[in-house]
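Have a look at this one before I ask anything.
Chain naming follows the written order as A, B, C and D, and within any one chain the residues start at number 1.
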Amino acid sequence: MHDMSAPAAHHGAPTSFIRKHVFSLDHKVIGKQYYALALLAALIGMALSWIMRIHLGWGNFAIPGLHLLSSTGAPGNVLTPEYYLQLMTMHGTIMVFFVLTTAPFAAFGNFFLPIQTGAEDMPFPHFNMMSFWVTFVGFWVLIASFFVGDGPTLGGWTQYAPLSAIGSVGGPGQGLGVVLWATSIAIFCIGQLLGSLNFITTTLDMRCKGMSLMRLPLTAWAWFITSVMGLTAFAVLMPACILLILDHVAGTSFFVASNLVINDQVLPHSGGSTLLWQHLFWFFGHPEVYIAIVPGMGIVSHVLITNMRKPMLSHRVLIYSMAALAVLSYMVYGHHMFVSGMNPVSSLAFSFPTLVITIPSTIVVLMWLGSLYGSKLQINSASLFSLGFISMFISGGVSGFFLAQPSIDIMLHATYFVVGHFHLVMGVAAMFGIFAGTYFWFPKMTGRMMSEPLGKAHFWLSFVGAYCIFMPFHYLGIAGNVRRYQAFTDDYLIPLIPVHKFITIAALITGFAQLIFVYNLIYSRFKGPVETDNPWQGTSLEWSTATPPPHNNFGATMPVVYHDPYQYSVEGASSDFVMQTSPEKINNPNEEK
Amino acid sequence: MSKRYNFAAVLSAVVLICCGALILNQNVNAAGEGKITGTVKLDGPAPHMKGIDMGKDPYCAKAHANDPAHLETYVVGADGGLANVVVYISEGLSGSAAAESSATEPVFDQKNCMYTPHVLGLTVEQKFKVTTSDQTTHNIHPLPNPMTGNIPWNQSQPPGAAPVEKSWKAPEMIPVQCNIHPWMHGWFAVVKGPHATSDTKGTYTISNVPAGNYTVTAWQEAAGTQTQKVTVAAGGAGSANFTFKPK
Amino acid sequence: MAKIFAVTIILIAIASAVPIVMHMWPMPQDISTHGALIDEQYADTMLEAGISFLASQFLLAFFIWKFSAPRPGERVKNFPGGATGLVAAAFLLVGTEVLALGVFGTKAWASVYLTPPAANAVPVQVQAGQFAFYFRYPGPDGTFGPIHPEQISEANANFFGLDTTHDQDSKDDIVAAEMAIPVNREIHLLMHSKDVGHSFFVPELRIQQDFVPGLDVSVHFTATKVGRYEIVCTQLCGLGHYNMKAYLEVKSQEDYDAWIKQQSALQ
Amino acid sequence: MATTLPEPPKIERDRLPSQGSGNGGWRNLVPASADPRQVKDYSPPPASTGIWVGLAAITMTFAAFTSALVVRQGGAPDWRHITLPPVLYLNTLLIVASSVTLEIARRRVAAFMGGLKDPAANPARWLFVTLFLGLSFVAGQTYAWLQLKAQGFGLATNVSYSFFYVLTVAHAVHLVGGIGGLVRVVGKLNKSVLRRSTLDATSRYWHFMGVLWVYLLFLLWMKL
């Protein structure tokens, strides 16, 4: 066990390359490592989505070199139905776990949470280092499933039992593939639990002088709320994965019912509960959606405030709304299971809190819109992506009205409507949050600016492209287009194939735009213009320290905080913005006293 | 330089010897080997074979619109001849003859949502092809007993897809099925040495049998196995007729 | 740049709404008695969601257009009424909206799931397995024979594992690969999964229900229009998932009786 | 094993507001231009918060196992009653006793750190007793598993046994973590670098393992 009592930054600055850049205890290095892992995972996930989209648009199109990935999965470079599902499962798993959880939460949170709270480091740096390396191992365990046995699992990222629990009789990838999947996710859970432990303790105990909880920036609050969700959600997913592995390798019957017959053979399991897996999974799964999106809300608010030169209408209301989302997210998970065979009365019981969750979401959107009013909005890549986030969040959010109602869910469940909904609201919106954070914080993380023209090109293609991809998903869903199909052979689906072709083209173009981002990221890291400590004239603590921040974040003297986080355009102040560390006396009636 | 010449010389020698061996081998076969022939019959009236309802897949249903498909557990000809019986030499073969595998590559076709042939006789390690003639996707899912060393596989074959080429490691009667069309059932009969499968008249001919005393086994997927002793003279023909009772 | 962005948002919002308003890819036609309630609920929700969507996107675009222009010397302004007004509005407007949707939606849901099937409903059993549906009718005795899992044999076309030599109830059971039902009569569909999770979805019937392995569930519905419809599987069940389907034949009572007779002869 | 204690361990650095980070407190606003040293409200050491956060996660994990057990029992035709190995009750006594001895140890060490240097009362002695009891508990659990195994009741024999093994092994794994923590405490005590918060956090964890075990035993006894 790690020494729980060690105060932060008791570790001196490392000198060897390994301790500095590989097994580093420094939260900033760990944050960058998480970012790099997320970037790699995102590129793999995107490549998988390209392959899937091409297959959905032009089923017989041979993608050169694909057989190198799997000669049985893609004979003649054309995907087989099972390999499509296998790639789809990997796309979902990689994106949800290793991109949407790691990038906005673990990567940015690690880098900036201690700085924004005025801490020297996380309280348990060894746990923090373990958190990353455990996640790293989890990622490669998952990737390994491409190359062992008959490939990765085809059960979808939700991995419904009993298909996932019966072993290789279930189909290709259901043998070793599922075991690797569940192992990878269980490992990932451990990593995120260690991370959440650090995040929560940092927020509660490591704040510098004068940094009351309400003086924390919205990003810090978002990460704090996310880590509380992560702590509870991943602590439930891990035991579920352990039970799944046991069903698989030890022949237990947690999830596999009696008398199941496959290939004319009765399976040896008995009495397991099919719905148990779904309950455990979605108890994690729904908060996971908020784990992906709440950090984005924080980042977007933070970026917008700086670029609007005014604080949010109400700091507290935003915090309370995010907290309400977190609490409600545990009460609504059953809306994923309306037609699962669960008691129909509980469907109604889950429906109402789901509808209620639109209230805090609406408040958050109204806060953003109301704060835009009367602002001095500056347009740059970071603020464009933030505004794009709001647009995407609205578009993805309104479709939630439909899916929250069990009666309409009868028609829309498991169709592309659902796919469109969650891609917009937790995929694209969360990605836009990551992009906004990247453009905004890149100068602090590296000391250099990213290229604005490239950033804007990236934004325009991504914004229009994402709508071209995911809006039509909703139309397909309304027309009854079932998801997780590798080809559309049903009579009523054939007329929809042109829509799929359109989406494929849009997806390829949008994917290309992401390569611009990657180029921008790498080019600017080495060749971008060198920036000052506070290029955006921000007020929170990360802008009062040097760029890049020294090993203990603030150098010789630790900061003292005198103000609320966002003192912009304060009347009577000496400049447009008053930093949190500035002892200047200002007359702001809204500031906490 | 000289090393390379040496290598080339050795290589040519090896190739020559191999060719010679192949030619000699064929000569021996042609000169000294006989065959086993016979007829397989079913005792009593042909059992009722259930019709297959292909309503699930319009392509399949259309293919059988005028010619309803039936189960192929017993395919009985006009005069009681039983088809799809695999007859093979189960005892008496020398090691080399048993290990011998045929050079031809048999084809297991998926046609009109049925397997053609219903039973495919194969020798161990013999390569075979699974092809599809249908405009609908099939998945080929052989279910060998894992204890035998044969590895199960399960692979989809969409219309127009390239043939799947495989072979089996150990002798076994392996059921094969298509999960997409649950009625599609067939067999890979993997045996050692020469074998034959009876046609709709019930007749079969095992060729390339060296002279000797043998035990011949006939296997039918539902009725089981029967054995007989047969003697084959050099260049001559042995005979073994079988009669199965439906189970 | 900001103005182009604002215009883009408006154009995208309008373009997104057009296919919905024009019914370019409409819901499949409804052939069920309970479907009207669902469709109505859907239309109401679409109206409210559509208004929320357009209003917020337009507002976003308008504010971006208006407040991105440099206004030197001018101070930032606060939204009139501040946060309190907006929070109250959210609670009132959205709160009432979702409460109304929830309450009315309950009615539609209840009509499908919280009512017992009629006593004279036609019982049909559907069994889902990788990757086909099979349907069973109880025959003249009105009773389904028991399923013997160990006797299930696709090779012998005994998809339900019926023991017709011993079980009296099984002897007259009719098994078919497509589902024929009489029009305008309530159907009590008993759902049994042979192996893994599947789902029974007929868009036209406004029925979607998962099969729960190990637990038989049932739904009931009445079809009102003669025709041939597709039953598709919507729960990922393996490699043949996309191909797992069957046909629903809604027939007039005479045609249905004839079909039953014909199927009975084929058993 | 004798533990040499040249000097009392260092007392935790008092977290005065003028030092380093970690003094945010809950509501200690520094008035603009005011003297930051006026602030008196400061945060607890991270270890005391951290341990509660960690225990919350462990609670969630076992809550998940519990709900799995309840749901699984709910619709199961194959739920069978099993007899718990009697050694479990002895183990319960061991773990409860270990909590008591740890509490004695904690008070002694705390007093020792407070300056009451009594060479006759080696403060580590009770820690060793606790460690011994903890290891005996693990040994007792192992005995229970072996006993069941010998009777032919494996993990997959019946779902009741599955839950029995899963819950007891999961608890034992967590308990072994606690043993590691105690070993660390002893090591730090020897090197005179033990912090009060480390000791408190470790003992809280250990007590929690005891409570968790009693809960699990009750659950298994009632449900299985």
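Following the convention adopted for this analysis, a residue touches a chain if its C-beta (ideal position, glycine included) is under 8 Å from a C-beta of that chain, and two chains touch if they have at least 3 such contacts.
All values reported here derive from a predicted model rather than from experimental measurement.
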Pair with more cross-chain C-beta pairs in contact, given A-D and A-B: A-D
Distance between the centres, which are taken as Cα means, of chain D and chain B, whole angstrom: 66
Centre distance in Å when chain C and chain D are each reduced to the mean of their C-alpha atoms: 50
Rounded Å distance between chain A and chain D, as computed from the means of their C-alpha atoms: 33
Intercentroid distance (Cα basis), chain B paired with chain A, Å: 54
Chain A, residues touching no fewer than two other chains: 80-82, 171-172, 258, 263, 271-273, 275, 487, 489
Shared-contact residues (touching 2 or more other chains) in chain D: 75
Sequence positions of chain C contacting 2 or more other chains: 129-130, 154-155, 214-215, 238-240, 243, 245
Touch relationships between chains, expressed as pairs: A-B, A-C, A-D, B-C
Touch list for chain A against partner chain C, complex: 80-82, 85, 154-156, 160-163, 166, 170-172, 174, 256-264, 266-267, 271-275, 308-310, 313-314, 317, 339-341, 344-345, 347-348, 351-352, 355-356, 358-359, 362-363, 365-367, 369-379, 384, 387, 390-391, 394-395, 398-399, 401-402, 404-408, 410-411, 413-415, 456, 463-464, 467, 471-472, 475-476, 478-480, 482-492, 496, 499, 568-569, 571
Contact footprint of chain A on chain B as seen in their complex: 136-137, 139, 141, 143, 152-158, 160-162, 164, 177
In the complex, chain A residues that touch chain B: 59-60, 72, 75-76, 78, 80-82, 150, 168, 171-172, 263, 487, 489
Parts of chain A lying in touch with chain D, wherever the complex brings them together: 1, 3-9, 117-120, 123-124, 193, 196-197, 200-202, 204-213, 215, 231-232, 234-236, 238-240, 242-243, 246, 250-254, 258, 270-273, 275-276, 279-280, 283, 558, 560-563, 583-586, 592-593
In the complex, chain C residues that touch chain A: 1-2, 5, 8-9, 12, 15-16, 19-20, 24-28, 37-38, 41-42, 45-46, 48-50, 52-53, 56-57, 59-60, 63-64, 67-68, 70-71, 74-79, 82-83, 86-87, 89-91, 94-95, 98-99, 101-102, 105-106, 108-109, 112-114, 129-130, 149-150, 152-155, 161, 193-197, 199, 201, 203, 206-215, 217, 230, 232-243, 245
